[in-house]
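Here it is, the structure in full.
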Amino acid sequence: QSKDALTIDLSGDAATLDPHLQWDTNSYSIYRNIFDNLLTRNPAGEIVPQIAKSWKYTDDKTIEFEIHDDVTFQDGSKLTAEDVAFSINRIIDPRLKSPQLTQFDQIAKAEVTGTNKVTMTTKSAYPALLAQLVKLSIVPKAYVEKVGDQEFNAKPLGSGPYKLANWQKGVQTELEAYGNYWRVKPPFAKVAFRTVPDASTRLADLKTGKADLISGVTPDQAASMKSETAIKVLSAPTERVGYLYINAEAGPTKDVRVRQAIAYAIDRSALVDALLAGYGNPVNIVGAKPIFGYTDKVEGYAYDPKKAKALVKAAGAEGAKLEFLTSPAYNRATIEAIQQMINEVGLNVEIASSDQATFLKRRQGEPANAGSMAFGAWSCACQDADGIIFPLFRSGSIWAKYKNPQYDALVDGARVTLDKNERLAKYEQAYQILKDDVPGIGLYQAFAIYGANAKLNWTPTANEAMFVTDMSWQQ
Amino acid sequence: MEVSPSPLLTVDSLTIDIAGAHVVDDVSFTVAPGRVMALVGESGCGKSLTSYAMLGLLPPAAKRTVGRIMLENTDLARLTERQFRKARGKDISIIFQEPSASLDPLSTVGTQIAEAFRAHHGASKAEAFEKARQMLVDVGIPDPDRRLHQYPFELSGGMCQRIMISIALICGPRVLVADEPTTALDVTIQAQILDLMKKLVAERGTAIVLITHDMGVVADIADDVAVMYAGRMAEIAPVHTLFREPKHPYTALLLASVPKLDHAPKADLATIEGMVPTPSEFGVGCRFHDRCPLSTDKCRSQAPPLFDCGDGHRSACWHIDRMAEIREVGA
Amino acid sequence: MSEQKHVLEIRDVAVHFGGNGGLFGKTGAVVKAVNGVTLDIVRGETVALVGESGCGKSTLSNTIVGLQQPVAGSVKIGGEEVVGADRKKLNDIRRKVQMIFQDPALSLDPRSTIGATIGEPLIVRGVAKGKALKERVGALLQQVGLRPEHADRYPHQFSGGQRQRVVIARALALEPDLVICDEPVSALDVSVRAQILNLLVALQKRTGVSYLFVSHDLGVVRHICDRVVVMYLGRFVEIADRDTFFANPKHPYTKALMSAVPEADPEVQRSKERLILGGELPSPAMIPSGCAFHTRCPLATEICGRERPELTVRDDGARVACHHA
Amino acid sequence: MLTYAVQRLIQAVIAIFGVLTIVFVVMHFSGDPTLLLVPPDASAQMITELRHQLGFDQPLWVQYLNYLGGLIRFDFGQSVVQRIPAIDIVMSRVPYTMMLAGGAIVVAVGIGIPAGIMMATRRGGWLERVLTAIVVTGQSVPTFLSGILLIFVFAVTLRWLPTSGSGDFASLIMPSVALGALSMSTFARMTRISIIDELGKDYVRAGRARGLSMGSVVTRHVLRNAAIPVITIAALEIGNLLAGAVIVETVFAWPGIGQLAIQSIQSRDFLVVQVIVLLISFVYVLTSVAADFVYALVDPRIRLAR
Amino acid sequence: MNNALLTTRLRRVPISVMIVCLILTIIVVLAILAPYVAPVDPSKQNLLGRLKPPGFERGGITYWFGTDDLGRDLLSRTLYGAGVSLGVASLSVVVSTLVGVTLGMVAGWFRGAVEIVIMRLVDIMMSIPAILLAVLTVAVLGPGFLKLVLVLGLTRWPRYTRVAYAQTLQVANLPFIKASELAGAGAARILFRHILPNIAGPILIVATAEFGLMILMEAGLSFLGLGIQPPAASWGAIMSVGREYIERAWWIVAFPGACLFLLVFSVNVLGDWLRDQLDPRSRSR
């Protein structure tokens, strides 16, 4: 196929193309092709260099990066250590009001400490630092300072394989290959990311050839695509974990037996087989394989409605009303299925759906008002348990409706431990505590599912990124 | 009296049903070109329905069951809607009884008059308006240029009536059906309109069917008079004969009800006792029998046919010979 | 005559149309439909209002009952001012006055049965309801020559004359003090007309109702009225008692009117001499200077075009606005 | 006339101001966007900080005054999500919205009114039955369904039209049909009923009596008399089409205001919502003023002010 | 009323209207009796029996309408959904008609300050995106059936107001209204006895159109997670689920869709007939 262009349907437009502002999947999918990051992950999920050639910790809080010197921005100017330091300092500058600031707030500062050398200091020992830096794009200092933040957002300029050709807001973003890209030759001359919010329409686009690759395919769609020859399903297990939060601080679920009953009531494999059509793996913990800290040593709750009923009875909670918070952002069928499963063991689950903002306000607010349970699909895009169970269950965190000092000590400790094995051990213990206390239940590891033209070569990865350089037409 | 030429309009045993009753029953008359036939009768006796039937515009509730309406030799009822449309307004046109309701409230009167002309002559808008202006002058509406651009609600009742007249006359119809055309007009303008009609009759040989309650108007313009009662023809006669010598009790009593000049003001006027029967009460006999001073058993059981009394005078009464008794009652 | 007995007092009423310019500046001229008229009607009196079509009779009628706002003047019914009255006040005043409209077809609600229409004033004034109402409506229908069972029918099921009688029945239902009759009998055949006129007279004798009677039929006017007012282009040109009026009409327009009345006798009618009015018909948008009638008047002289004659009292009590009569 | 127009304009400004105020208060009342912006692992303290940076921790009236202050200078503020001026975001969608609304109006009026006329004048015929079926279908098939059905039939199966997109005339057809269908039904039925209401009147008979065909009577007289409810509906539908196209725009990937509105509401992108609301209320108020004038134009008996 | 009259009246009801009434009655009765006539619990899931076609049999139960994406019986859900859809639609239409028409007539009749206040309020209400109001009501009050009716009623009444207002402006000028005023009829009487019947045609059109629309709006809100809360069903909600499976499982949209079509059709026919009843001219046809 001599097609020189690639068209990708995304569910939405990029909110911003300034990589230091919004970080949502659609924005990320697009601007990640315009910018290079300091670090990245290889297909196996390991953290590997990108703009940084190498790095070393000088002490617990200081890390020194060596920068590639053969990288140029798309305007031809050279990428230097200045740019790297600038990028780091820019994102942590409160004046930028970056929503991503929260991910980098452990960084105190970055300085140029020699040709191609940048030294970064963190506020405390921070083992997740590298995982977070995977998300840091390098922006050209001179250009940003010249045009200002707003113009930079409209006409971004990076050192990545593609440069912005035309951004029709809400319609599509067209990129064109940057010929002098330092790593590889970009495989397509042009790439267009179209905004197609409706999944059925994206599939129709793919079928008619209007799109070559579509994101956000539902498991049911994937199942039905299998019979077609011109298109194919691409999928990859991700770090995203489907889980059920259970309020351990208020309502009927304050009783641990009720929480355990819920855990016994859920038939994970039925969920995965029927609703996910196999595009998911059951998990026992709130975490999936690709994350650091994942363990299969913690035994989960097997599906056992009898035991569940007994527990409900023991807790005297038969017919207790449980409020199941949700929003349209979450898969309705999954939620209804869970509701039914829990109802069957003698509880009375009522779904309370509201829009996402209201949902978050309740979910993150006072325990008394935070419902009895909610479904979630979590990814911190850092592939680290710290990014999952810390915010979810550490007391004081906005998501946590759970308090256990022992657990808090473990996850706090893991946060500042650089030694891998020590951290792993801590997380294993933490997961064990979570299993016993059930402030939440891991349900399954989610898959990223894409639909593609049968002639497109691409292997999606666990981090849900769409690197165009990894794609190509079959010869 | 000269022998009338062959009739232009022939209404032949027209019968109209509403809800199963013959509201108009077996009505026949003819009008020759250049003649004026006055149709008089009790309010609600079916005059307007008859006139709608002549134009093929009966309301949906009413059905013409029997009878023909001939314009010269064409049976109007046999025409297709398309052919009939071409005839309406040009061959036969009508002045409706309630003018304000019959004008489109949201079109200027000029448009409505001109439209009638353009429908048949395909004239340009300007020409048609010029013609309409002329019509307004003819019917005596002052300041025609301004009036043409006014809406019906801006005109007085009499003016609306004259607009209706203009619409009916603008194409110079061969037959004109005028349903109480001058009720809203003062006598000077009424005279002017009647003169206009007379001119049409004399110059173009238009045949007019004039429905009116004003015996003065009948006396002024009609050549023949047809008197209807409860949907039936009671009497038809040349105008002089009718006024001098009515041969139907109803006609006689009707004429007696006209206020006389010597009548004492506010003293009771003569009326006809009783009420017109409703269609459901129409019996087999004479429909006037229960109000008629001459009524006998025969009247109750048998409907009188139209008897010919000579000189074009016909009357539907079993007791034409006893008419003198009525005149005594009336006096 | 004491003031108290005046059912209706009209003072210098003027009604104009247009001028403030429609919607899209299609201003046109101001139509001075009624142009400063003054009239009193006492209890039990019938005043006829005659005049050329379009001279402002209906407009004046509408103004009296408060359906039209005058630009100047005052209208009092039973001593209460109509002009500028608010809804509530008007509603009170309207207990005393009713109107028979000129267009029966348009003044009947097509979606109400005529029984409901005639019964409406009785219901809203709390006069009758239920069975009594039905009977009252039936009686009214009978009085105007219709039948009680007609009460269930809708306006479109009636003939023109029948509709006119419905309108009359509605106006008479409340037995008001004053009835404005705008051409009440023009669509009726002579025998029904006689019946209605008898009814009006009987009612007057019984209740002392006053009528303002707009009509073109001078025979009817002569029969029913006590006083005659002649209107020409928005002004009164002659006011006289009936007998004086018919015996000795004075204004040239009145004379022309009289001569145009058709006689209900073909011999007489066709041999009659008529006084034909020549000249341009003036428009109410451009009322001629001086005497409005001078453009058509056989007696007109130079002064008529210059000075407007006022109504002046003549020997026999008639008031006439003419320089020469 | 002029005074009326001025009065009406002042009222319109007050109404728009009212809308802006209500929406402002109510939007803020329902929570701010900070929670939606931050990554899930953000700490409470970080959220507070960002909220402070974005200014959402100020008292409502301060935020409101700031907003008004900006408005006076024609500064509509910046989107917290996209970080560009809210007015630019909305304006970039306006052409698409106008295209789609225009297309839908063409469908709704172009089919609806003639269909209504046919249904009124051909009562009892087969044509009426067919049209009734179409009209009822238009009314009872939800847009989210009709949209996807159209795509499957005309784009995927027949390949006559593009599945989605916003580039050309071809891609405008299906969204216009899907969006206009419901309005089309309303127009058709409203036209039909208004005409039937008029057909019984005497002036129709009078029109035919002067030699006009039923068709000419309808087009020249009845339509105008029947126009007022249709005009009312038109004014309502125009507002509706502008704002109500959420689902159609989503299904056909049409980048209009409706889609933007729902996204902005959901992401609590206040200032963008405000601009959209401003635009919609502007259009709506304008059409309603226009409708009021047209009433008086169509029916000279209607006085604009009493 | 005597019997003869009754039968003649009945005989005059056209057959189409009778059929339509029958359909409506059946739908209403089934909606009310859903708990008794539904073959199975409408929220009983069976993840292994999902998306089965009509006529699918399992465990001695025949799924006449097939099953949905959670293996629930579509027939039962459609039956239960009828109640919700009908309830939401009729309640919200009744509420907004009552409020909207009254306000519109009052504004058109009294004019002046009342008119300005009401009509500007209408402008304001119409300018606020309905979806915003919906989101907010749910945010503040939480989801639920009555709140849904409230939201729909709240956002839709201005439409009726505008229609009623415009029609009142026109009708108020007709002579027969003046005549009624003269007869002494007060505002209430004129508005409800004379103006209302004469403007009922357009209002009935809006109301019947809205009736169908409300069912669809509820579906739209369900689509956004703001409508009736699962597992309760409504036709709209079932269809919005079904659209995802339109190729694989047409029956999910087809059955509730057909019911909706029938309902809207019946309401339209009935509305038209009602209007004819209010118009004596077409009634005596």
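Before moving on, here are some points about what is shown:
Just so it is clear, A, B, C, D and E label the chains in written order, and each chain counts residues from 1 on its own.
Here is the rule we go by: a residue touches a chain if its C-beta (ideal position, glycine included) is under 8 Å from a C-beta of that chain, and two chains touch if they have at least 3 such contacts.
Nothing here was measured: the structure is a model prediction, and the numbers come from that model.
Common neighbours of subunit C and subunit D, by the contact definition above: B, E. Relative to the C-alpha centre of subunit B, the farthest chain centre belongs to A.
Among the pairs A-E and D-E, the greater number of C-beta contacts is found at D-E.
Chain centres here are means of the Cα atoms, and by that rule the chain farthest away from subunit C is A.
Centroid to centroid, with C-alpha atoms defining each point, subunit C and subunit E lie 51 Å apart.
Separation between the centroids of subunit D and subunit E, computed from CA atoms only, is 21 Å. Subunit C has its Cα centroid 26 Å from the Cα centroid of subunit B.
Contacts with at least two other chains are made by residues 200, 355, 357-358 of subunit A. Residue positions 59, 61, 98, 101, 153 of subunit B are each in touch with at least two other chains. Shared interface positions of subunit D, defined as residues touching 2 or more other chains, are 30-31, 148, 152, 200, 202, 265-266, 299-301. Within the complex formed with subunit C, the subunit E residues making contact are 174-187, 189, 193-194, 197-198, 278-281, 284. Subunit C contributes residues 17, 26, 28-29, 50-54, 57-59, 102-106, 145, 147, 149, 156-162, 165, 182-183, 186-195, 197-198, 201, 204, 216-220, 222-225, 242, 256-257, 260-270, 274, 277, 280-286 to its touches with subunit B in the complex. Those residues of subunit D lying in contact with subunit B across their complex are 201-203, 205-214, 216, 220-221, 224-225, 298-301. Against subunit D, the residues of subunit A that register as touching in their complex are 12-13, 15-16, 18, 21-23, 94-95, 97, 99-103, 105, 149-150, 153-154, 168-171, 194-198, 200-201, 204-205, 207-208, 210, 355-358, 360-361, 364, 378-382, 387-388, 390-391, 396-399. Across the complex, subunit E meets subunit D through its residues 111-112, 116, 119-120, 122-124, 126-132, 135-136, 139-140, 159, 162-163, 166-167, 169-170, 173, 201-202, 204-206, 208-209, 212-213, 216, 219-220, 223-224, 236, 239-240, 242-243, 246-247, 253, 257, 260-261, 263-265, 268, 272, 275, 279, 281-282.
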